[in-house]
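Have a look at this one before I ask anything.
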Amino acid sequence: MPLTPIEHADASPEVRAVYDDIMATRNVPDVNNFWKMTAHHPATLARTWESLKEVMAPGALDPLVKEMIFVAVSVTNGCAYCIRSHEAAARKLGMTDAQFGELLAVVGMANETNRLAHGYQVELDERLK
Amino acid sequence: MPLTPIEHADASPEVRAVYDDIMATRNVPDVNNFWKMTAHHPATLARTWESLKEVMAPGALDPLVKEMIFVAVSVTNGCAYCIRSHEAAARKLGMTDAQFGELLAVVGMANETNRLAHGYQVELDERLK
Amino acid sequence: MPLTPIEHADASPEVRAVYDDIMATRNVPDVNNFWKMTAHHPATLARTWESLKEVMAPGALDPLVKEMIFVAVSVTNGCAYCIRSHEAAARKLGMTDAQFGELLAVVGMANETNRLAHGYQVELDERLK
Amino acid sequence: MPLTPIEHADASPEVRAVYDDIMATRNVPDVNNFWKMTAHHPATLARTWESLKEVMAPGALDPLVKEMIFVAVSVTNGCAYCIRSHEAAARKLGMTDAQFGELLAVVGMANETNRLAHGYQVELDERLK
Amino acid sequence: MPLTPIEHADASPEVRAVYDDIMATRNVPDVNNFWKMTAHHPATLARTWESLKEVMAPGALDPLVKEMIFVAVSVTNGCAYCIRSHEAAARKLGMTDAQFGELLAVVGMANETNRLAHGYQVELDERLK
Amino acid sequence: MPLTPIEHADASPEVRAVYDDIMATRNVPDVNNFWKMTAHHPATLARTWESLKEVMAPGALDPLVKEMIFVAVSVTNGCAYCIRSHEAAARKLGMTDAQFGELLAVVGMANETNRLAHGYQVELDERLK
């Protein structure tokens, strides 16, 4: 019997505190299933949220670029949930259809040329060492 | 006996034309080993260069963002050659150490949360359907 | 029209013999869909079952540790079927929620640091050579 | 020009504090290149070390099992640096040649059956839902 | 709200021209959802179709071998859509159940031995250099 | 201190018997490092050799096609050792430069379109169900 999402009403105070911080930080009325499932291991929930909050915050890169990088990785790994949730996050931050199209085009090309580089066992150029 | 890079002087006119276009487009005195190896299959060389030129051109996303997405995919796939060559391209376009650091931090986090999403078999939220 | 599972009643004597050994070894009343699908290539069915039986048997590592390693690989590869079936096998062998949580936390971290090592192109320390 | 490891003597106080904690926690005279490279982004260094320390600590799983899971992921992803460094960590915790052999055998089998499950597009058994 | 397939009737002339070429080339009454989705970025649709048409055409390798290689990659990456659509294409070109079974057996073995090679960090033999 | 290859002269009778069978079957004067490393776990050596011998034998697919599928998987996974050794095996069986070029072109395209299918979250067409 697989695990099921832990709703706010059923959560321990420790888990509920993380949920509350997610909702306040993102200004949303509920947290995603991702958090309701990682809540089965409260230490992972807390650590992952703290890390994500730090890593995805505005910095030298703006949040939209960060979300697009997140989508690029998720597409490469074939994680459907992650693609959908971070595509949604990127769109909320202003990603247009044209930008999404170019993002996927780059991801596709990179996955292709990565394999050409592997397949031909290309050696590092002197100027790149 | 593995294949070795095909230098400009030894290339067929068909291959040389692609090399010349790469050098002119990028304003560089020579092409990378990646192209000198794919040149073993001239159709792949020509097609890949035309595709890359189109996909990486300025558009709805700026070239630096595209190069960073390229690095994100290459890091996820563990392609050392691709990481080095596209990190170099991104730095040439202005990527700072701080931006590179944030890029890798996002790539790391995405690879982690992709697996938490898989491991907990998280189901898509209604609002994401 | 995709392939469908081959049930015991419809199986050839060769396939049925493997099913019977799986059921006897695992003390279960039926075999999983994994076996009913690989049965479309009886040599693969027989070889895979013999290999799995040998590899997952108690040895220098106990079966629960082996099942958790199996889950770790399946999560990294994003194989939903494999995650569910080997999570179930691990739970049957006594894996607790806390152990599953720690397992996924390690898998997540390893996937993250693997990419940091790739991204920074970390060179092997002298003491590790 | 790729980044080079940041040695203790050249590190900022912030980075040095993390190095010192790693050396004290692990009772080693120096930190690995992994840390000397992630130090190029001090926030990543600090966050990754804190996370790793928490995740790899003794808990519901013992540290050797955790290191073996780490190796399993790293082998699946083909991260040479990570394989070597975590194989070394596991051996330090007592992993024998026989255990390492069985670990890799399980990792190999899991990667094989993951693809058979994908290839035959196996559907989840009722009893696993 | 995720993107939905763009049907022929709703497509721009640019997209419709690609659809028409796909239908004519493959002699089919409609295009797959893959094309109806990539159509959201017409440049990607056109480039991908032109590339695929060139790469999958009869050449030094016959089309069936090419489709089986396509399936092998898709199974390794766990792309369900790609497995199903290229398995169907291979069967249309004559792939038998026995051939499909052997294909998946090779894909499984390769994924296993790839990890044994990684896990044991096997160095290249002199004769392969 | 990493493991080193086990030479024939230093091998146990059990390992030596496998080496002898590999040399006889392939008509070669020595075995590859892959076998000399897996020999550290004799059961893995024996099982992997028996499996590989069975899977790669002539059958419904000819050995060259099987070797090319092996290369396709190894390129996708980025296993340098596996690419080199199976490229060599394929060339020994007659693979030409043109065939190798087309093989890599297909592998590249498949890795690209796999990600476009993931990125657009393409749903299975009715006719493929």
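By letter and in written order, the chains are A, B, C, D, E and F; residue numbering begins at 1 in each of them.
Keep this in mind: contacts are C-beta pairs under 8 Å (C-beta built on N, C-alpha and C of every residue); 3 or more make two chains touch, one makes a residue touch a chain.
Worth saying up front: this structure is predicted, and the values here are computed from it rather than measured.
On residue numbers, the E-F interface is repeated by C-D, which shares over half of its contact pairs, out of the options C-D, B-C or A-E. Homomeric contact chain C/chain D: same residue numbering on both sides for over half of the interface positions. In the Cα superposition of chain A onto chain C, the rotation angle, rounded to steps of 5, is 120 degrees. If each chain is reduced to the centroid of its CA atoms, chain C and chain F end up 21 Å from each other. Note on chain placement: the centre of chain A and the centre of chain F lie 34 Å apart, centres being C-alpha means.
Residue positions of chain F touching 2 or more other chains, listed in rising order: 2-3, 40, 43-44, 47-48, 51, 55, 76-80, 84, 98, 101-105, 107-109, 111-114, 116, 118, 120-121, 128.
On the side of chain E, the complex with chain B involves touching residues 2, 43, 47, 51, 54-55, 128-129.
Interface of chain E with chain D (complex): residues 71, 75-76, 78, 80, 83-84, 103-104, 107-109, 111-116, 118-121. Of all residues in chain B, only 2-3, 5, 32-34, 37-38, 40, 44, 48, 51-52, 55-56, 59-61, 65-66, 68-70, 72-74, 76-77, 79-82, 84-86, 88, 96, 98-99, 101-103, 105-107, 109-114, 116-118, 120-125, 128 touch chain A in the complex they form.
Only residues 2-3, 40-41, 43-44, 47-48, 77-79 of chain E touch chain A when the two sit together in their complex.
Interface of chain A with chain E (complex): residues 78, 84, 87, 97-98, 100-102, 104-105, 108.
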